[in-house]
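In what comes next, subunit A is part of two complexes: it sits with subunit B in the first one and with subunit C in the second one.
Coming up: the complex of A and B.
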């Protein structure tokens, strides 16, 4: 009898413990190769404990699954992203939003360094870093050397709003498309912008005009 | 200017494949109006004057053209081009061509673009079909900056019935910029009516922009020495010649001032299928976080999207117009990874978005929603 009671308690305990051993997100168990679920779940839990956004990690695992990647490749991709998210959050500050951290991780992968993200946060204060960081990554992607792009985006951080950042990026890309080298394109646009800074307290966005 | 280069290729082919044709001189003057929408500018009406002069002989050709474009604002674009080509049969069935071109392009007070280019091409084939391989190198400048553009091209032409066509792939390098243009051309000739069209895409681009483009031009003869020319479409940025991408429509009256002894021989080729895989993507706000994703593609009958926004489950878009596909989704500000698929083909990166290598050996687009 006593043995039966002990067995009953053990089974009950197992039943209570079992859900915690399952994937935290049902999408993982349903879509990701079985052998990848536990390692990914551990990464997700660790990120959650650290206050990092977890949805990008789930997304990365689902992306790998949809592309029929191997379990090992998916786990490594999620692990890498978790590291980038952590580095971005550490660089931009604990109060950064999930969107900012995700954009920061993307910029780090594009070639920006964590110090650039920290400098951007200092210059932007409480304004969102989402667009400046995305523009930074875009500039690096079109061939602007990372240090040049970082310098430009940081210089503009204090006076530009999101729309102005987007217009700045578009102008640089257009100049490059017209044959300017990435370095000279960003130099010319930056010079024009800083001239505007010195002549007017609040620079206006470059508005389209008729040719 | 791209069209001028094409004209010389056509002239070279015509002369090289018909050595008994006599020389001819042709001069035209186009006067007209257009609506031009350059990238980064507001659309504007403009008037233009465009003289063209060309002399063709069996083994060489020379030509020159100019354009004066006056916008609503009073600003002007002045373009000038001079070019020449010499060709000879190297071995039976293979012809060589050397050509040179120099041009300027000046917009208002901005520094003018200038270029000088030399090209060499080898043609193999006959009047009904063939292929060529060519290379171009030279120097381009704007203001105090100079560059050394280079290009490699491979193309083919064919002719069936009253239609002629050619397809060409050109890889261009200009300083830190490089891109690949894949373009198909078709022309249909009839006494009194000529229809020319092109459709292309710029891809494998680092700093040269990317996307689909195409133009259509219809020329209707009015008597022996006049014609009406209607054209429209989109052309891509040409960093070598300082031409900015634009959408345009134009109408002009063409006066034939000089005409040689023979008309231009019609080229003949089958219609060219549009390039596949060209699609652009835009996001438009609706209300709150609800946003409309619009994919524009002229070539698909089914469009799907997958990515962070859909938990990486393919989501079919709804066709809402000619070449236009949409879906409305709640999307919070952020950076999202997406791919699109046309007609069940491979997952691709839509034009207009930054692309990067993903962790799984493919390419992914990054959609930034501010």
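Coming up: the complex of A and C.
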């Protein structure tokens, strides 16, 4: 309800100021429905002031325009993404790159909680979070329960490099494609991985839970 | 010694006696061998294979192996002879996450399409920026795009109006705009 009121306010305000307003990004004015330009521009400016990446917001608006979505739908999508970018940045830290924040927003959208992103940052140290967080979001997208995916990606964070994360995701998806359930697929691959790491001190594998 | 034993002993003794062999025997045998045509080599393996196929045998399969075999058979049944927009040609590497520093190749099979474009976060979702090329003689469309590290949403736009996701990449989650899409991530390291 609150969100709808805010949306109505933004659209109403846009109708008043639209003629005078100059969109910060020319792409918005050229492609997005006129009544959506000002609200989106306001969201983009707010994100910029907060130090968040703004290109993903523009991209989402352009995606909506390209898919001929309504102005209301586009504004709502951009606003939602802005909230996710902010939550991801807060969870992963102020020094996170734009790519990391964007991937973090995807993971939050997929069902990860901000605490999981924070835990990943702590485990990875100065290493980039982009690929682990993207793998987390991708695993959830192919049917792995969010808590299981979070546990797996977090367990692997200390010893895995990006290439190993990529291979891990591919193997899980391949097993799922061959008919294994997402939970059993990730359980088997995690077990194999942790067995390979037995010589190195790594945390024990989480027990997969039924969805 | 019984009569039976006596006859048996006599037979054994005769068999132990040296046999007179015609000195020309070896020559005659070898001549006969040379004049006999050699058997065709494939006949024996074919008969052996036929016999192997006909022979009943017990096969032990675990439930997981059975499931995998069923999945493969189902995939073959669905895939053979059916080429549809969105199918990935054999040998296409799966997308989703790519290593840094590599241009990313996007591929789709759309045999009936007149034009296919790649649209996504990397080209402002414009259908006129990244047209895909069709390989001669088949319906495989592809394009290679250099991408900076990041996570991108994208889709294929077939004939300017049909949105198709990439079957070799994870689906874009929760698409608010109700059109299929995919995601690709290019690593930073």
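Please note the rule applied: the second predicted complex is superposed on the first by the 178 of 211 C-alpha atoms of A that agree within 3 Å, B and C clash if a C-alpha of one lies under 4 Å from a C-alpha of the other, contacts with A are read in each partner's own complex, and residues count from 1 in each chain.
Convention: a contact is a pair of C-beta atoms (placed from the backbone, for glycine too) under 8 Å apart; a residue touches a chain by one contact, two chains touch by 3 or more.
Bear in mind that the values here come from a model prediction, so they are computed numbers and not experimental data.
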Superposition on subunit A - do subunit B and subunit C clash or fit: clash
Partner chain(s) touched by A:143 [first = subunit B, second = subunit C, both, neither]: first
Touched partner set for A:178, first subunit B, second subunit C, both or neither: both
Which of subunit B and subunit C A:39 touches, first, second, both or neither: neither
First (subunit B), second (subunit C), both or neither touched by A:127: second
Intersection of subunit A interface sets (partners subunit B, subunit C): 27, 31, 56, 59, 62-67, 69, 73, 76-77, 80, 98-99, 102-103, 106, 109-110, 128, 130-131, 134, 137-138, 141-142, 162, 166, 170, 173, 177-180
Complex contact set, residues of subunit A against subunit C: 27, 31, 55-56, 59, 62-67, 69, 73, 76-77, 80, 97-99, 102-103, 106, 109-110, 127-128, 130-131, 134-135, 137-138, 140-142, 161-163, 165-166, 169-170, 173, 177-180
Residues of subunit B defined as touching subunit A within the complex: 36, 38-44, 71-73, 75, 77, 107, 113, 140, 142, 145, 147, 149, 174-177, 206-209, 237, 239-240, 242, 244-245, 306-308, 311-313, 332-335, 337, 354-356, 358-360, 362, 364, 366, 368, 370
Sites on subunit A touched by subunit B in the complex: 27, 31, 56, 59-60, 62-67, 69, 73, 76-77, 80-81, 98-99, 102-103, 106, 109-110, 128, 130-131, 134, 137-138, 141-143, 162, 166, 170-171, 173-174, 176-182, 184, 208-211
Residues of subunit C that touch subunit A when the two form their complex: 64, 67-68, 70-72, 94, 96-100, 119, 121, 124-127, 148-151, 153, 163, 170-174, 176-179, 183, 185, 187-189
